[in-house]
Structures are given as C-alpha cells and as structure tokens.
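Chain IDs A, B, C and D follow the sequence of writing; residue 1 opens each chain.
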Amino acid sequence: MVKKYTSMAYASADDMLFGNAKFPVKAGLGLEIGAGYTTPEINYAPRPQAGKSKEKLIKEYERITTDSMARMVQIGAPSVVLETEHVEQMTNNPEWGGAVAHAQKTIMEEYHDEYGIKCALRHTPGDIREDRDYLKLTGDKFDLLMESFEQVAQNGADLLSVESMGGKEVFDYSILRNDTAGILFGIGVLGSMDMETVWTGVADIAKKNGVVAAGDTDCAQANTAMFIAGGLLDKNLAHTIAIVARAISAGRSLCAYEAGATGPGKDCGYENTILKSISGVPIAQEGKTSTCAHSDVMGNLVMQCCDLWSNESVEYHGEFGGTSVQCWGESLAYDCSLMNVALKTGKAKDLRDMFTLSDKYRDPQGYVLAYDNAYRVGEAIAKDGNDNYLRAKNAAVECCNIINEGVASGKLKLTRFEINALTKVKDDLDALTDDSDKFMSDCLTRFKEEVAVFRPENYGL
Amino acid sequence: MVKKYTSMAYASADDMLFGNAKFPVKAGLGLEIGAGYTTPEINYAPRPQAGKSKEKLIKEYERITTDSMARMVQIGAPSVVLETEHVEQMTNNPEWGGAVAHAQKTIMEEYHDEYGIKCALRHTPGDIREDRDYLKLTGDKFDLLMESFEQVAQNGADLLSVESMGGKEVFDYSILRNDTAGILFGIGVLGSMDMETVWTGVADIAKKNGVVAAGDTDCAQANTAMFIAGGLLDKNLAHTIAIVARAISAGRSLCAYEAGATGPGKDCGYENTILKSISGVPIAQEGKTSTCAHSDVMGNLVMQCCDLWSNESVEYHGEFGGTSVQCWGESLAYDCSLMNVALKTGKAKDLRDMFTLSDKYRDPQGYVLAYDNAYRVGEAIAKDGNDNYLRAKNAAVECCNIINEGVASGKLKLTRFEINALTKVKDDLDALTDDSDKFMSDCLTRFKEEVAVFRPENYGL
Amino acid sequence: MLDLKLEDIDGILVRYNVALEKEMTPDEAAEELYPKDELVYPIAKAIYEGEEDDVIDGLKAAIDAGKDPITLINESLMVGMGVVSQLYDEGIIFLPNVMMSADAMLDGIEFCKTQTTEVPEPKGKVVCHVAEGDVHDIGKNIVAALLRASGYEVIDLGRDCPVDEVIEAVEKEKPMLVTGTALMTTTMYAFKEINDKLLEKGIQLPFACGGGAVNQDFVAQYDLGVYGEEASDAVKIANFIVENGEGIEKLREEFHKH
Amino acid sequence: MLDLKLEDIDGILVRYNVALEKEMTPDEAAEELYPKDELVYPIAKAIYEGEEDDVIDGLKAAIDAGKDPITLINESLMVGMGVVSQLYDEGIIFLPNVMMSADAMLDGIEFCKTQTTEVPEPKGKVVCHVAEGDVHDIGKNIVAALLRASGYEVIDLGRDCPVDEVIEAVEKEKPMLVTGTALMTTTMYAFKEINDKLLEKGIQLPFACGGGAVNQDFVAQYDLGVYGEEASDAVKIANFIVENGEGIEKLREEFHKH
C-alpha cells in the first residue's frame, strides 16, 4: 500500500527555492540534487535516421553524450545531468535501452574521472503500453515496460522516469469538448490509479539496482492541454481550462512519490512546484531555455523552485555554435550559474521572485503556478490527500479561486473568453459530487458509452 | 574632424546598468533603447539555398520576419529589434539590401499597427571592401559600401551598423604569432583610422535619412582572437592574450561614436561595456542566449549593462518548438523580461551583479570585462583619448594590471601558460614607445616587410 | 514576496489577447451569420451551440414542413457548420466549440440519412493517419474533425499506422487527399516511404503532412508532400483541391510559407 | 558590488584548465623529446623555440660537420617540428608556438635547398582554399600552416576562391588531397559544386572540408567529402591517406565522429 501525502513539506511558500529541496537526492557520479545548487539537465532526440539500427542509435547517443560533456568542461560547468527519453525502439527492445545507457555512462565516467565533473544519467523509457487503438496498460506491455526499466537501471541509468499515460483516452476526448468531469476523471482518477501501479513497479526496480526512482509528469494530459492552448493568440483551448487540467495533474503526479519515487521530478511537469510544496522532493523544470522543444508563457517563472534546469528536447544537429546539444546545454549551464551565484550571495529569494514576476501576470497558467499560489494548490491537495478524486477536485477548485482573486486584484487580465470558460469549469466543479464512489460510477457509465476506446479493465475496473 | 572622448560618461562603474544608457536612442516604431528597459534583438542567417536569387532572399527574410514577430506577440513581448546581417550579395547589390529592408519593415509595420508592439530594424551591411587577396578599404568598394547603407536607410532600416575590417591584415598575422605590437598596430591604430573614415560616412547617411547610425564591433579582430582562444581547454591562443586584444579594441570601436554614431552598439562587441562607460551610448550584447552562434566563457556577464540582448545569429530552420528564430527569440525575450522585472522592482543592481559574478572568475576575459574592471579600462582610454595609439596601449596595460590584481586576490586562477603569455604581453607593452609617430613608422617598416598583404595606402599612409 | 505595481506590468508583458479582443461577443457574431430562413435558422444555431438534441428537433420540424433531408444537410447543417468554421478562422470562437458543433452536425447527418433512401454526396474523401510508430494522435483527431465538419468523408486509419495500410486504404478508397501526422522526427520518415510506394504504384495524389515534428523543408523533399501548419490547413488544402485540382506544385505555392 | 567568497567560487564554475594543467613545463616536455645527436639537437630545439636564426646556425654547423642538407630536412627540421606537433596534440603547447616553429622550419628548408642541387621530396601535395564568397581565412591559414609543418607541400589558393580555380589547380597540381574551408552556410555549397565538377571530370580524390559553418552531415552529402573538425584533422587526414590510400569510405569511418 502506498502512503498518501496529507500535509505540506514546507511550512510556507516562501521556504521554497531553486536548488534546494527538503529531501535532496544523491545520484550518479558525485551529484546531489536539491542540495544547495542547480544543475543543467540536457535533453536530446536522435536524428531520424539514427533509429534504423541498434548500432546507429548507440553511436548517435555516444556522440550526443561526448558533445554534451565536452562543452560542459569547456565552459567550466561543475555538474550536469543527461536525460535520454527513449525512442520507441529502445523501450520495446529493452536491451537496446540498456546498451544505450551503458554506452552513455561509460563516456560520462571518463569525463568524471578526468575532470571531476559531477554528473548523472536519467533514462525515461517510453510508455509503450498501448495497442494500435487502445491503451493496454496492464499485462505483457506492462511487463515489457518494467523490463526496460530493469535493463537501463542495470546498465548505467542513475535516474528512472516515465511519462505514464493512464487516463489519456478519456482525457483526449474531454479536453477537446470542455468536459470538466472527463478531465477530472481522466487525469485525477484514472491517471492516479495507473500511476500507483507503475510507480510501485519502478520503485522496486530502482531499489533492487541501487538507483533512483525519480518521477513522472502528466505530459500525456496536462501538457497536451497546455500545448493545445498555445500562445496568447491561439484559439484552440482557453488557457484557464489548461491550468485547471494542470492543477488536477498535481494530484495525479504526486502518486509517484507516494509509491516510492524520491525525485527529481521530470522536467516537463509544470505541476512540479505544487508537488515540491507537498512532498519536498527536488524537481527538474524547463521553460525559457527549452524553446527548442516548445513555446510556453511561463519562461522564467518555472525556474522559481527548480533543482535541475532542462531544455526538454532538441534534435541533434549542427548549429553555428556547435551541435544543438552543446548550444542548449551551454545556455542551461549559464542559467544555472546565475541561480548558483544567487544562492551563494544570499540573493536567491530575490532572484526567485523576479523569475516568478516575469510571468505571473502573463497568463492564468503562470499566475496559478507562481510558487505562492502553487503552494495553495498544494494545500488543497494535501487536505484530502487520501482520496485521489477529492484532492484533484480540490486542486481544480482552488485553481479557479486563485484565478478569480487574480482577476479581482486587477493584475491578472483575462479575455472575456477565458473568463467565460473559467466560469463554466467552476460551475461544473461545483455541481460535482463529493462522493468518490459515486463520481467513479457516474463517469464509468458515461465514458464507457461516449469514448469508444475507453477500456475500464486497464484500471482493474 | 571627429571629437575624441577624454572623459567618462558615468561618474562610477556602479552607475552602469542594463536597460539604461546615459543617452537613450529612439528608433523605429515606438522604441527607445536604453530608456529603462531591455529589448530582445533577434538575429538570423538565411538558409544557404536562399541566396540564389533576389526573390528567394526576400522571401526568406519575409518568413524570418513574420515568424519572429508572430512569436513575440504570442508570448506577450512588449518590444523587439530585428537585425539583418547582410549576406555578401545584399551589400554587393545595394538594391537587394534595400529590397530586403523594405520587405521586413512592411511586415513589422503591420505588427506594430495591429498589436502596438514596439520594434526596430537593424541592418548590417557586410564590409565588402576587399579584393580576393587584399583589403581594399578605399575607392570603389568603399563607395559601394556607402551606397548599401544609403539603400537600406532609405528603405526601412532604422539602425545602421557594420563590422568594419580595418587593420585585419596585420592583426591576422600577429595574433597567430603572439606579436603584441602587431596586435596593437592592427586594431588600435589601423583599425581606428579606418573606423573614422567609415563612420563619418555612415553618420552622414543616417542623418540625411533620419535614421540611426548605431555602432561597430571589432568582430574582425577581437572576436577572432576570442574564437581562436575558445573554451577553457582549447590550446590555440592564451585567453590572456585574447582579452588584451579585446581591451585594445575598445579604443578602436569607440571611434564610431566619435564620428557621430549614437548606439546601440552592435551585439558581438564584447568591448561594449567599456564603450558604454566612456560614451554613455546604449549597447547590444550577446552571450548565454547566443550559443547558437558561438560558445564563450562570459554567458551571463555580458548581460550586465546591455540594452539590447541578442542571439548573434542562427540559421533559419525548424526545431520542435518552431523555427529557429522563434525559439531563440523567445529565449531572449524571457531574458529581457527578467531584467525588466528587476528594473521595476528595484533589484536591477543585484541582478546585474549576479550576472557579473557568474563569470567574473571563469576566465580572464570575463574578469576584465566585469563592469567594475571594464570601467577602469574605459578610464585608461579616456585619459589619452585624443591619441588612438596611446589610448589603445593604455587599455592593454590596464588590462594586464587588472588581471594581475585578480590573480593576486586569489579569486582569478590562471594556468601557468596563461600567466606566461600575459607576462610576455606586459613586457612587450612596457618596451613600446610612448610616441605615436615613432610607433607608426616602426610598425610601417616592419609589417610592410613581414605581412605580404598589408597595403599602407588603405590607410592613406 | 516581491510584487509588481499594477502600472509596471505593461512594461514587462503585454496581454495582446486582452488588448485585441473583439468588441462583439461570439454569440452576437454568430447571430449575424445565421441564415434567415425560419426553419433553417434554429438548426444552424443548434449546430453553433453544439446541442445535438436541438439539431434533431430542428431537422424534424423542417422535414415535417416538407424540406428534403438531403437538401437539409447542405442547406442547414453545413451552413450552420460554415458559421462555426468562419468564426473559428476569424479567431472569434475556440476549437472545443468547433468539436462540439461537429459532433452535433454528424449526429444531424446521421439523422437525415435515416429519413431518406438517397445517399448524400460528400465534398470528397480524405484518408487520415498518424505515422507508424507514433502515438501522438490529437492533432490528427483535430484534422479529421475539421475535415468532417467541412463536409468531407474521412477514413481515419488511426495512429501508429503501418505504411502498407495507408497504401491499401488509398488503393481501396481512392481519396482526393491523404493526410499524415507525425510528432516525432523518428517517425516522420514513414511519409517518405508512403510517398515512394504510392509513386511506385503509379498513384499521384496530394499527401498533406503536418504535426509537431514535421516541417516544410522535410515535406518538400518528397514529390507528393504538401506541408500544413495548422489543422485548419488540412481543410484549406482539401478545399483548394476541390477548386483547383490536385497539382502538387500549385498546392505548394499556396501552402508552403516557410 | 556583490562579490563571491573565495571558497564559494568552485560551486559556480570550475577552471578545469587550471585543475588539469600538466605538472611538466612545455620546455621540460620538449627536452625529453629532442633527438640526442649533438648536431641535430640544437636545430630541433631552435625549431621548437621558433628562432629562425638559430635554426640556420644549427644547419650551417651540421652541414659543415658533413651532414647532407636534404637528409637534414627530414632528420632535424622535420624531427624538431614533430616534437612541436606532438606537444600541440597533447595540449602542452599552444597554436602560436606551432606557427612560429613552422615559420622557422620553412626558413630552414629554404636554407637547405640553397645548399644543394637535389630537390627534397615532400610527403605529398595538398591544395587548400576558402570557399567562393567567403573571406574567413584564418582557419584555412592554420590548416595550411599545420600541413606545411608536417612536411606537405601546400598550394594555397587563398580565400573567396572560385570553384573553377580549384578544379584547375587540382588538374594541374594532381594533389593527394584538397581542403576547403567555409564559415558561412551561404558559401559552403560551393563544396558540392567542386565535388560535382571533379567527378564530372573523372577525378577521384579526398576533399577534406571544415570551417565554422560546415558540419559532418553536410559534407557526407557529396561523394568526395571528408569532414574535419579541427585544423589538425587536416594533417591527420593527409597522414591517413599516406598510410592507407585515398578511400573515402575508410576516411569517413575514421574521421566522421558526429
């Protein structure tokens, strides 16, 4: 049985800070994450042709690893994390993933030995638990996923992560239809249930292999909402709905830590500040220096409490200034250098607040994720921490309240469209039951009918 | 006749700050540079195939411009500058450059009209004044360069810049041979002489067309030295020599402002902090967010006093997060947002100091360019401001002194190799005459003999 | 914590969306566009509002009043959806409205079909798929929904779709257009394979490709490829083909903007 | 202004170059490598020190003592330069030392030539150039200097070099290797043209390409291309050809690391 969080790790929002986690995590070669300094986390995707064979893929990752490490020592960066997000072949053939991890770690060890640079390797297998048309979260695909973790853990990966997909069939349907109950059910209920299974598995494997079960992100749902919502002028989804989905996702992603993960949370989890407030684990984040991978409206704000600072992903290719991993890795390292100076000169809280203020009023998403408000969402979750449904609903409600207060203050300006969308969500939420069982059975009935690809057996239902 | 600077624009180094210049510059559509806020300056290079015809080139720049402007409004950036560094065809065919400027400005005007975004367009013709083997600074090539300025100024460019090349034949030879006198002669004497001619011309054209004569950079020399010097582990040139070349270049690049330019200085002028201290003009800078273009060991430090913040250059191509100009432009905009928050919250000097401290002890180059030390180099220049040779030599000497003090403090750690190289430069400098005329005639004799491609007539000698 | 003064915020960020929001509400804008016919009006409005039940009620009333079910598809359902598409294109309403309207419209079409033995003529047939190895299907879902909403018949091959299945579907369905979506650089190469296999079989038709990983340079590399940035471009491409034929060169001229 | 405490600096940046500096000074390292022959030793040392006059003096002394001028080129000048190259490759000395040594060595060779009627045999001939439209020639200058320093005869076509001039030079000089340098993406395409024109004329030889704008992916696109990252790679490529022949595939296997 997992132990649920019912209280906050920090006594107040102001205690939260980049480079500092209540429970730092030692990993890899000399690295300690959240122990008073920030570290760049370089992310990359192999060039398309590289996926053709195991050998090519390994060679590609060797180049990526060497390039990244070489640039870090050229500019004097004290520490670095590399994250390899698997391409499908690497997870579906667990020994491929293991071989890549081994090849990368070998190079990192050489650099560590020669230069003393602190470093660690994160591997993120793909959540390959699906058939062509349906999610297939349990059974042989689940076993394959676990085998992939096993292989990378045995062969050099220091940090294990995944972006698990539970609930996404229902979410995908609901997000394009402003269906509040569906969003809550997909992320907050189904997503949480699946996370508990996955992360109990990953935590066991990590323990057995002496590596770190790091964390998960609601990429499949909250990020999808954020992406569809897009920039200020996009018209695909109200940003107020996207942030409600995000708040809900915090209840879900927390399940990893409840099942034994210890952080660092994964970079694309914009819910991570909320998670940190509850759990005290270190977190990776991405923002203004992951524009190579996506655009968002919280470029600086997300740095506020990060322990690792990531570029999310960049395809490996040449630029005037070196290969893409070198360019982005260098930018990250300088961002970290700035944060580390702030920590050493006693100015870290000021810098944190400046990061936050850069984007707090830029968008409702930034407003809610600003660490002071994120902390409040955390409290709403912890209050009913034992109930996946209730805590997710609480988070959504608190999110709406926070935005409304922001609007009332005059500083957060919303479009009429965003306000209307928010009002609808809030009304929907208020109309929902407080009884988890009833919510479950209502949703089961409705979504079995409306969402053709939804298979309750995925969740043991 | 140009009026030389013999005093400092700022009473103390501490008065210098990003987003603030003593003499702000109004330009383009609603923009004011150095007037209390920083602005991203997006730079780009067309894809290779785009240079094939005038039409293709114009289309390429239209895409680049639209993409850049679109991303800026998507994330809510209040202001932006675009810089077009000419490819050779655009300068050699002045009407091409003019047509590109016109096409870009038309799009920028649309965005300004629709969104109110403040913006300006910088054009930087290439310094095409050379024959195959020799510099040919005067005569028909000079006239062509001026015609290029005329065309872009008439057709929409708001800011005029160039990276002029005077002195580079002697410098190229000298830098690979640790020839201190040659470096000083190439940059400080020949470079300055050429700058005076070029910038008198550009300033006239700007005045006539009601646009801004912005500034020049010693890309041809000081940046070449910096590039050859490379990262911490490169072995092509001592970083102590690279920074001496940089200090010398401040005396040279100042000539633009003495000839009538008003700033903003160009992004790749790492000497710009020194120039700002003397002249009070706004400056563009590049560093941790121009890793797409080059690597340096002063990623944050250069932000300390910037008014525009640039990515130097990125080839136009796709990334996961959009086109390259969108990705880098967005990162720049968030960097500026952070600085602007600092300015509004009264924390700007703290942030400035954090930028500086990130890299002050990373490398001798950063150490000397830290704004407190840069200011001292400025003073050394202003002291003998009327004499191009003496002021450049002063700058070099002061640079050596500053590094030696840094080493003595224990905070700046140098390799034995860097120390030896510095000692040699310092000895060389001490052995040099204080008589400009004698230095000139000594060098003329020597370099006419040693450097086959050196043509004194380029400088009216 | 530090905070910004209200008047300082605009110097740091500009909420262009707030600054630019149209004066008119979406409902008002829609009202201006509905057809005036009193039997058609309620159907179009119900489509806009995404209310299936009201759509069916409106159709029933119109049929009772003597309107032909097949004509109603074009003259009320499609017209109502046209209002929705136009407002979406103009940035007045958002995607979820379009999706809900499309759902309502499809329900309406199904209902009309039950009221007659005639078979309605779609504007054209389009095969949609997500590249082999790629599970990112939201973009494709939007593409399919918008195409359907514009009156095209969509054969949706789903995600992670093997190359050969696409070829088979094209041979069998003879569509006017195939679309492909890929969000990963490692999967988008399947498009080139599809292109080559189609050409091998002597099949020439536009192959519209999009999705996060895909860019114009890549798509321009294979003969049939036409790049589209937004899901709504798929509709525009289909419409362009209806109006101008399937010449790839012309399509590229129109849609290759980067 | 704010400042960092001495003990805090290492948490922010690590001066890996300082941390790793070899114990031995360059002079000591060189001393270990000089040949012991008492006539050759001073020449090699003068090369290392970049002192032309001392080189000539040493050569004079050796010739007076009966050594053959041509043999001296290989056994003293090249050996001295070998010491320099080795120390540079090991990161013990820096480029300007190499340049100055190379200057001294070339002076020495010229002097030797005046002392005999024999013609020294270079290791091979290399044509170097900077791409048409490109003025960035420092990289090329370094490449040329390092090649000369390693005993190759260099035909330097300079910068902004028209494609046809490169072809002509290759036809005339029959080099073992051509090198191209380009720092701008707009100019590097000339390499492909050179490649095509060479192949058209049936000329097959390795075409080593480098410079800031150039990357391995680009160079791998044309048949003769071999990518090199560092100037010293040009020398390694030339040496590899001397030892293994001019097979492009083998060269790529060896030098294409990205």
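Note that a contact is a pair of C-beta atoms (placed from the backbone, for glycine too) under 8 Å apart; a residue touches a chain by one contact, two chains touch by 3 or more.
Here the structure is a predicted model, which is why all the values come from computation and not from measurement.
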- Item | Whole-Å separation of chain centres (CA-atom averages), chain B against chain C | 49
- Indicate the whole-number Å distance between the mean C-alpha point of chain A and the mean C-alpha point of chain B. 40
- Query: Just curious, how far off is chain C from chain A if you go by their C-alpha centres, in Å?
  - Reply: 31
- Message: Please output the residue numbers of chain B that touch at least 2 other chains, ranges allowed.
- Response: 45, 73, 76, 232-233, 315, 320, 337, 340-341, 345, 347, 350, 353-354, 357-359, 362
- Provide the list of chain C residues touching at least two other chains, using ranges where the numbers run on. 2-4, 12-13, 15-16, 20, 185
- Please categorise the chain-chain contact pattern as a line, ring, star, complete graph or other. other
- Query: Which chains touch which?
  - Reply: A-B, A-C, A-D, B-C, B-D
- Item | Interface residues, chain A side, partner chain D - complex | 36-37, 63, 67, 73, 76-78, 114-117, 317-318, 320, 323, 337, 340-341, 344-345, 347
- Query: chain C touches which residues of chain A in the complex?
  - Reply: 13-14, 45-51, 87-88, 130, 132-133, 172, 175-178, 224, 228, 232-233, 235-238, 315, 349-350, 353-354, 356-362, 372, 410-411, 413-417, 421
- Query: So in the complex, which bits of chain D are touching chain A?
  - Reply: 2-5, 8, 10-16, 19-20, 185, 212-213, 215-218, 257-258
- Spell out the part of chain A that touches chain B in their complex, as residue ranges. 45, 71, 73-76, 230-234, 287-295, 297, 299-300, 313-315, 319-322, 326-328, 330-331, 333-335, 337-338, 340-342, 345, 347, 350-351, 353-355, 357-359, 362-363
- Write out the stretch or stretches of chain D touching chain B in their complex. 1-4, 6, 9, 12-13, 15-18, 20-21, 25-26, 88, 91, 93-96, 99-100, 103, 133, 135, 137-138, 141-142, 145, 158-161, 184-186, 188-189
